[in-house]
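Below you'll find the structure I mean.
A, B, C and D are the chain letters, set down in written order, and residue numbers restart from 1 in every chain.
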């Protein structure tokens, strides 16, 4: 999304995901620029249809996890051997088997929290965020495509609308947001 | 193209004969290379390790079929008969074990020497009272015979049942579930029991409740890896065209999962015994950690069987590339073989009998001296006083001191001290392994060549063909 | 359910602390007494990490999955306050393609992390016992067997709650008898695994010849706690065997009753492990018999109440079914979808596949 | 060769502490000296002396008396013995040789003692095992006199009565004595607390506590002690002696009086010091002056023996089948300290019952007669029976005590006090009233009848009976918690009874490296052969370490706080078992299972081999207690000692609750008993034996001040100092010359459950019995036999 968000949109609504996916492919083939696509559930094949890049969230997760592993092992080693070595029941001061459970837990903890926070930041989700609702039914049973109408001429808008209808959209409408109305 | 039949070519046969020949050569090798006083322990422990390992793989083949059948699995249908043919070895594996056991009881070799030692002299020691019952010869042999019989029967029944045409009928399908459930029950009991009877009994002092599961995980890994290698081979020969990287990917996932499961069990077993540090548990580990060779192979096997899958098999690309997954599968088969061979209880024990005698003599003759010498805390104290620094860095322990004491006593009493009390993996071992692999494959291929590789009328075939592994 | 159960589970160690006001000592935080950290050898400390990780990761998994559903509710709810609150809860969810893509990635990895996490938590709980030297506790089979037991009792508990919820909220079309049957199969499987583990323990204790170990199990099955052992065995191992019969697997009353049996049995498993082992351990001089006080009963009943309270709150205000996920599945796996697809593909294998193996054999 | 007939000389008879020390010198064996005295005990009610004996002959109370006649007959050759076992013992006495044997008897009957004298005379004990130079001045009470007092008060011939250190209203069996005291024109009690007698007196003139006043003593002829005050008076009291001085119109303090007395009477008897002041200062400093024995030789007058024999036989004939044997328990004794909670909480050595008395019966009889209401000891609930002796009866719970013959009912004296100001201290029933008069004395043996009631009662018993052999699983297996052998075996093999240790040590492997103990390595070795289970160490530990008393209710819940307990194990024959006492305290394991599991590192191992507790750090998860194989860790369920900010801040009601319910150390006077060197523990923390860390530290500082190395014996622990028989040896194992280092490598030494690699620093030595027969292990499980 651009840094300055447009306020004027055309919204096309579909009621069946297969038709929807075909529509996207055809529209993109025609060179129509899709501003956003909203679905009530994750639609398989949508990423490819929209030509989105693979998310790098996994990689981030791996690095978060690795951080947790390293931190856990090095901290416990430091405490038990350097900072405050104590004899517990005759156990070695570097009891590696004892470290494994906590190391594992911290790996998971770091990976999970790191990924989730990254996910929220990247998706711009936070409590109190006011989202732009293009159509209420996009979280229910409608698949929407949003086109940026601000920079388009009326003719272009109409052609998009026509194309949508041709591709099986059940509804096509204009949507205008005021400046203050959400992201 | 579903109606394809495997053709067991002469050249393949020839190759397998060569492998088996190499195995025989290996047996001769270990036989000759063996120290006389060890009662050919090396030969027999090679036989035991390989028989057990390959029987486990064979049984696991049936387990896979049963489990997927029960769980309405569809993805494996194309490969179903691969697993069934893998189980062909189970028809002889159990009897090989029976042979080894019978030979042991008949005193041909000394693998189970300390058990028979207990049977002869252990009546006084209450610790052995239950073993007198459990290892009574007829009971012991009888048990293994029952397992062998059950496995062979199931292998034949599975082969017939799933090999027949017309898999699609409702009645047949229902019956297959019953068969699968029956096998799972038999398998669950017999695989645990055989791990106690054949492997855990090598060291009659030691016990671990986890042991059966651990064995299961170990040859489970090996079985998945074997199936991957076989499928890659068959595809290279032009069979199994519908099997694609999606199927191999799924097998790779199972291999990965079982590797992690195996590690989990390895860790659980080791950690708990390490933590409690009760001698009845730890004598097992101390015995092995005393030998640097086993230290290397134990942790080496851990690296191969855990770290390698963790970093290598976790990747989607690795699981979908035949060359890479093939390499991984081969490595894991080897890793678990090493695990079984060295670490899992077979080899380290094979001349333990000599050490046992050393023990007995020491206790009987010089009670007082032993008490003074073997007092762990005392001994460790002495060591600590002489070289405290050494102790910090090493796993040196009271145990080491005690051990040295024993060896001293042993040689003093004129027992023939073994040149080395373990066998490392040498050429002989590798040759025997190859031989067993040849036998396994020979049985596999001759079974596979009997009918279509793909069960063409299985109701789930379509699902298997359409398999598309999206994630991970 | 996990979250509320973990809340209860986390509360118990705290209840049982002698000095609950010093509970922060269990975290490795620098303190006024100099560099005195915690004992990383202690399984109880592992538990601290395991339970808190388990709790927070479950929370993340649960909540990240709820966000789109809150968005759905927001868009369907009337009234400004409700709208505002559900929007707050949904973190401003829109459902754009990129959001969904990341959502999928996140939930996959969280699921991937949660699976070993569940294993690890139950493993570490089993370590609490198995690392010790107490006969009856120190046994290596505990980790996998606790995990199997957790799946076993977890499924039973879900069934108990689900059958009630399903009835009350009229979710019969969503949670079908086939789901219940599948769960019952898992129960018979894990119940049998647990049963095999019990027998393995018994056998190895006998086999080992180790005096204390042998006695612990001898005492367990024949001693003064025979009643608890018998209860555990019959509820956990014998009663699920009914599920070998299809008639019982598909019967809701049977399922409900058996799920309660299993819950009781698993509770008694812990009772048997803890109480029989501690009551009669090494020194005969300190053998005793456990008799709970009203405090023990109170804490026990209280924890059940807390759990039910939280669960009912959840059921009242939050969606009990993952809406977005179910929608996705309906499109591909529902009866209608399957029939459509089969028609489109002209499947050759007749009604057999059409009906769906999962649904009807 | 010692033969005791019903005399509990290690527990309660005459001077038990002294006797324990003397007795144990001849009972310690070592490789160099594989010999010990032989001790036979003939008794009805089991006592620690009987349990310690090499051979214990269990007889009914009447047979205690008749066995004296048997012994006399055998020893003098005058006739045959009725009881074969007794006859055998008497033969042994005879063959011990002149001057090598001693017979003692604890029966309060002149006739019995005459016969004992006759036996000793016949054995040639006079002048060898019995000397007359230092007769005891203690225990000179007279049954006759108290009866006369009662008569005198009743008929008005006695008009005034003063009570000092006596409490006859409680402890005298004379009927109507209390009423009689009230009749006196003048009655004064000098008791420093309102005991039963003081409550009846017209005047109470409280004496000082003995720590507040000067005094002198002569416990044995020629042994003089001084007592000096250690604290100033807490209350408005006056020493009795000064009171009497004042009343008799004399001036001056009692100190001056004593000094004058010593100058005139004792100074002259000694030759060590010249000059009275040197003598006096040293006497006060040392506390004791022993002057040359001046005892007169005595000879035995055999004239009354035949009369005594016939008297005794006649009395025995009246006793019937059911007999009561009254005895003193080691903890409470005659009950004069019955208001001391430390003693009440100390479990009786024999029965392990604390807080109250009970009727001790034969376990088989117990099962047969329907008292076995809880065979698994699920609850510590016992059936109550009514025991009647000569018209007086008491109701008490019935407890099976192995070694009690059938038809014998033992009841401890010293309970049932009514005067202590705390209801928890008013436990048990007063058995003094069951003492039956025979001749001029009150006898502890009499005819009785017993009847079961419907009532039940909870008994604070700390150790019940379980069978520890596993016969059903293929061969008898027994936990070697304690180890025993006979002297004969020991002479042949110093490791006798401890043979399995060689095997244990051989298998003692570890996966850990050793943590070095470069300085001291504190170790304790306890000789089971010397330990007679008296419990002095337990009380010493309680007092030294501020161990709280928790009260009967909490003891029933097994929440007693004793850092040191004495475990009692039965082996051998079911009806007349062998007993081994084993003091069980924190074993300070070098590989301690408890230390591993503490999440907050509150318990860990010191470089001196001690398992230490940081109470401040402890959060009370109790995980360590679960993991302790010895179950020696104790948890503070309440704030027993007002150590806890939590209760002070939030829990005033709980405070009061604890104070009233659990005899807590909350009120200022009681808190004076606390040792300032030892921290008091907050509620909610674990505590356990610390090896008296404060005493070790003090010893180290003392040595440091002197600029020397710590010598063996400088550092002592409280239990060790209290042990009269020297069973506990403590010291530094790293000091190879120390006593403990030598014992550590002795063949008799073993650790309890050391096969699980705990590496305990508290070790034990096998019990050795001087007798021929080796008893087989037998199952003592009356409670499940049909």
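As a convention for this text, a contact is a pair of C-beta atoms (placed from the backbone, for glycine too) under 8 Å apart; a residue touches a chain by one contact, two chains touch by 3 or more.
Computed from a predicted model, the values in this text were never measured in an experiment.
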| item | value |
| --- | --- |
| Dominant interface by contact count, named by its two chains | A-C |
| Chain whose averaged C-alpha position falls nearest the assembly-wide average | C |
| Whole-Å gap separating chain C and chain D, where each centre is the average of the chain's CA atoms | 54 |
| Centre-of-Cα separation between chain B and chain A, whole angstrom | 46 |
| Distance between the centres, which are taken as Cα means, of chain D and chain B, whole angstrom | 62 |
| CA centroid of chain A to CA centroid of chain D, Å | 78 |
| Interface hub residues of chain D, defined as touching at least two other chains | 473, 477, 510, 512-514, 590-591, 593, 596, 598, 601, 604, 756, 759 |
| Where chain C touches two or more other chains at once, by residue number | 36-37, 39, 41, 43, 45, 116, 123, 127, 131-133, 206, 211, 214 |
| Set of chain A residues in contact with two or more other chains | 86, 88-91, 98 |
| Chain contact graph, described as a line, ring, star, complete graph or other shape | complete |
| Contacting residues of chain C [partner chain D, same complex] | 13, 16-23, 25-26, 33, 36-39, 41-45, 48, 128, 131-134, 206, 211-212, 214-215, 218, 224, 278, 280-289, 291 |
| Touch list for chain A against partner chain D, complex | 86-92 |
| Complex contacts: residues of chain C adjacent to chain A | 28, 35-37, 39-41, 43, 45-46, 49-50, 52-53, 56-57, 60-61, 64, 67-68, 71-72, 74-76, 87-89, 91-106, 109-110, 113, 116-117, 120, 123-124, 127, 324-325, 327-328, 331 |
| Touching residues (chain side chain B, partner chain C) in the complex | 70, 72, 74, 126-131, 134, 168, 170, 173-174, 181, 185, 188-189, 192, 196, 207-213, 260, 264-265, 268-269, 271-273, 275-276, 278, 280, 459-460, 462-463, 471-472 |
| Residue numbers on chain D that touch chain C, as the complex places them | 376-379, 463-464, 466, 468, 470, 472-473, 477, 479, 481, 558, 565, 567-569, 582, 584, 593, 596-601, 604, 616-623, 626-627, 629-631, 635-636, 646, 682-686, 752-753, 756, 758 |
